[in-house]
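Consider the two complexes below, in which subunit A is the common component and subunit B and subunit C are the respective partners.
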Partner chain A sequence: MRKHETAVFILPAGLLVCALLGVPMLMMARISLNHYDPMVLMVEALTAENYLRAVTDPYYQQVLMVTLGVALSSTVLTLLLAFPAAYWLSRMESRWKSTVTILTLFPLLVGNVVRSAGWIALLGNDGLINATLQEAGFIVGPLRLLYTPGAVIVGIVGVVLPYMVLTLSAVIEGIPRQVEEAAGNLGARPLTVFRRVVLPLATPGVVAGSVLVFILCMNAYATPVLLGGPQFQMMAPAVYDQFSRVSNWPFGAALAFILLIVTLLMTVVGSAALSRKYRAA
Partner chain B sequence: MGTLSLQGLRKEYGQSVAVERVDIDVGEGELVSLLGPSGCGKTTTLRMVAGFIEPTEGRVVIAGQDVTKMPAYARQTGMVFQSYALFPHMTVAGNVGFGLEMRGVGRAERDRHIMEALKLVQLDHLSERLPRQLSGGQQQRVALARALVINPEVFLLDEPLSNLDAKLRAQVRGEIRALQQRLGLTTLLVTHDQEEALTMSDRLIVMEGGRVRQVGTAEELYENPADAFVADFVGRCNIVKGTIEGSAMRSESGSLLPCRMEGAPANASVLALRPERIAMQPGTDGSGLTARIGAVLYLGAQTEYQLDLDGTVLTAIRPTPQDNDALRHIKTGDTVNISWDPAAARLLPA
Partner chain C sequence: MTEFTRRDFIGVAAATTLLPRVSYAQSSQVIVGTWGGDYGDLLREGVDQAIMVPQGIEVLQDVSGPVPRRTKLMAERQNRRGSMDVACLADFDMFTATELGALEELDEQNVPRMGNVFPFLRKSHSIPQIYSAHTIVYNTDRITTPPKSIHDLWDPKYRGKVGLSDFLFTTNTAFAAIAGGGSMTDFAPAKKKLMEWRSLDAKVLASTEAVAAAFKSEEIWMTIIAAARGYMWNEAGIPLGHVIAEEGAFPTVYEAAVPRNARNKENGLKYLDAMLEPAAQTAFAAKMGYVPTVSDAILDPELDKRINFTEAEKERFWRPDFAYLAKYQAEMLDFWNRDFKG
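Showing the complex of A and B:
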């Protein structure tokens, strides 16, 4: 089959994306330029005021910074936890390999809301950890575990870990075992083999996994709402608040676009930097 | 360069034994090959020498030092992998220099050694290329240079030619052997290709089922195989089962085949006869053995004949007959007289 004939195959998926993503995005872009009036809500206009407010208001600057901070630390933590697991998984030779791969996906079977509710039961002031510690006499009052940035980060990491492990192990599997052995044979200790051979060759996986996870973290909704509590604000919940609670669609749309642009910028800059670092190794 | 000595080397995986009590000595500057079918334990043995696999029992001694417990990175072995295992993200020079870098050799000296090693394999003009920009043969030579530049005590070759096409293989075989002899490299070569082993080695070790079947020079193994397995694996051989009757062997289909009785082991149960030792005359004169031609396979310089002796099938290989040769017009279905020097037909244990 010739090249342009196979192009037909992308039509169904392409049309779906256009209809369900492209069109609403264009509508949102238009809405973000409208004016908001508390009495009549949205007024047709062509103004940058929503974007200006979003970037100059210290509150929303703070929300963006918190979002970036949580997303970056979650991505790094995920990478650190996932790499050893992915390496082990991809070098596994036993017949349990496919079983373990499916087990890796198991956490995804539990929805974010259900999972986070369970975490509340675990981490809350009356939760299992605090109750146990108080019972054992280690602490007097309950520790503040829930409604902290730490709880949000750990919660998000728990959700996105499978994506990172599977992305990384797919790439590590493509690194021939013999290449590592060759490095060992030439005198490289295991840590040097990792740094000079495995890591550079796994870079495409590190980039792909990090991008995927970073995007998921930037847009996290349920976990920050449930584990961060009312005081803790990230971008996705803030966007939702504008649409549903305040009914300020133009400002909500502007926030959404800022989130999109920042995510895109970070992704492009980050992956370019990572790729360059290891290209000439 | 040092010597290599494997003493009572044994490797078990759970219940199964991969290598059973292997004793091998490779002298300084000697090339010894481990020859055998896949699964015979030859690669496991090589990997125990390199330090990738820990033996269950026995010792690995390199240059007089017991390295059995030493990790791979601390052993002075230079290995060429079947897949070459070049670092895909490093240039040719980066690949060759890696081992020197690990040994803390400074930049300037490293570059000098890299270029020397690349000159040795005639690749000094490609030092800045990446492995994927090289042909298979060139990659193979980079792998050689990378293993040689660190001046290993022992040079290890794991099926180094199996990824090359037939013509290149013959050429590289000669090049590696010449290099090995010129530099006096103590070498252990693993191969399943008997032609490779026969042409390259000082001595061969035939392995099967984790055990050493026979050790010897190419000529010793070919002319004087210890058993039917070695006879069949090294070169081509007709193996006929039967019982001894006087000074001949009665095959299972009833033909009486002359053979050499002196030196035959007591447990001999097969007759081994090289295809090129069988002579043929067209037609029958009533004496000797008569066979029907089952097939004629033209191989260029040689021609192979399938011979049917009342159910016992033998293969004969003769130089392709020329114009005035009586065998020239022989074809499938013809009857021929066949004979051989009884001394060429050996009785061996199965």
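Showing the complex of A and C:
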């Protein structure tokens, strides 16, 4: 493809991204350097005070750590759950394959808030699980299932699972079945075939799926707010707090950029490490 | 053939640029920045359709949450023309907009019904549309002896049964300040009392709706919220009552104002006047439990008993110092998030 043809193809999407993402981000970057005043809200300045406060304050360090912890746990759990499903889906030869693929997409048709409402109905003190356990006499009082980090991780995994399954299955589908059969014929056990053949060849899918899911987890808002409760803090709700509750746009913008930078760094470092590990294998 | 000189062209072009502005100024329209839901519906029925439309004024509701509306008001204040003719906001947000000079000054000359507003609610740049008080709302089945003091919120016998709305962190902090010996200009004592709440397992609930759900499931028996909310939930079947404690309560006023740069200022002022009409006020009282702000809006005696406040209770209302609240709000949220909730 010639250079000018490439430019024509990427121009519409490029312009859209510049207009709807690049420009607002530049504006946010500028705002993050302003000074906050409770009365006039924002005073024009060129100060790093918001970034300094965010990185030195133990509270926001803790919020960032919780966010990273939840995002990493959710990504690993999603990968573990999605890989077998994606493998099965990609090797499926039944006429139901397209139906199963659509069913995989089905959760994406339900909004995060509605899905969280479902989890609340399931995990709440008077929710289905507690009611059933109490009815069966296994417990006296309700178990605390909702408003816990576990509830947030389960909720987020439920949201991102389809992305991982579809990304992985697209890549696994491209791995010829004969490669696995050849390894088997040469005496490799199923686990060895998986570890030495399938997994290394599926690395691009693992990396792409993990990056996609990790980014979504780092920026999760509705699920931590609804399933984590008011005492559970992650970065996206903390950013929203600064904008909406105290109108501190400069600090909110600085927190947003820190979240962006950390996500970007983790994504680059993580995907490079994963690629190297499985390429070496 | 008609000659069309360069001068003619410039003249027509200049006139054309004026046309939209002239038509805009003359259009009988008013854009009202407001909440949606019941609030928006009540405005539409009681003010837009009942009062404005018969005057030949078309009302367009610009529905959003209070935060975008406040931000829009602040951001547009330097512009020659704003996007709203009327902005509805809570008292605290309206104070900030007033201080920044974003609002038109009001009096009986431009809003005749301002004369009927209760003096304790009257302000220079906004009308009080409806009001209530953040106070103790409790389950009447579980707490048969009504609480008398705000200290009852810290009574160990209600351990784990006091719920606090995360959304109302300012009000909750104000109650803690008063309980700790502080005042509306000294919230420092709140910190100790907030931590006492924490040790008494007070439940922090994510939203107003979560408070209602917690009352319904009897997860909580007592909270601090607008008496009007207690009335609404009571109407929905939850056994609730409210008391104005002997120490007082935190008034909450929903206000409306005309931005100084409103395109249809005259219509905006007419709209404010219409909002103060007795029929519009009583409709809000019946549906949402908020008390009228004008002396000639007479409520049904039964409704009045349930949602209104006696003169003695009104006397006990605290007088929030909004400048102090604005100055320390970020600090309050920090303490609320990291120490109390954290």
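By definition in this document, the second predicted complex is superposed on the first by the 277 of 281 C-alpha atoms of A that agree within 3 Å, B and C clash if a C-alpha of one lies under 4 Å from a C-alpha of the other, contacts with A are read in each partner's own complex, and residues count from 1 in each chain.
One rule holds for everything that comes next: contacts are C-beta pairs under 8 Å (C-beta built on N, C-alpha and C of every residue); 3 or more make two chains touch, one makes a residue touch a chain.
Only a predicted model underlies this, so the values are computations on that prediction, with no experimental measurement involved.
Placing subunit B and subunit C on a common subunit A by superposition gives a fit, with no clash between them. Once the two complexes are laid over each other on the shared chain, residue contacts for A:126 go to subunit C alone; subunit B is not touched.
Once the two complexes are overlaid on the shared chain, A:248 sits against subunit C while remaining clear of subunit B. When the two complexes are overlaid on their common chain A, residue A:178 makes contact with subunit B while staying clear of subunit C. By the document's definition of touching, neither partner reaches A:136: not subunit B, not subunit C.
By the touch criterion defined above, A:230 reaches subunit C but does not reach subunit B. Of the two partner chains placed by superposition, only subunit B is touched by A:200; subunit C is not.
Of the two partner chains, subunit C is the only one touched by A:41; subunit B is not.
The three-chain arrangement built by superposing both structures on chain A places subunit B and subunit C 150° apart around the Cα centre of subunit A, to the nearest 10.
Measuring only between alpha carbons, the smallest separation of subunit B from subunit C in this overlay is 49 Å.
On the subunit C side of its complex with subunit A, the touching residues are 67, 70-71, 74, 96, 99-100, 166, 169, 204-206, 217, 219, 323, 326-330, 333-334, 337-338, 341-342.
Across the complex, subunit C is touched by residues 36, 38-41, 59, 62, 125-126, 225-226, 229-231, 233, 241, 243-248 of subunit A. Within the complex, the subunit A residues that touch subunit B are 176, 178-179, 181-190, 192, 196-197, 200-201, 278-279, 281. Within the complex formed with subunit A, the subunit B residues making contact are 50-52, 71-75, 77-79, 81-83, 85-90, 98-99, 102-103, 146-147, 150.
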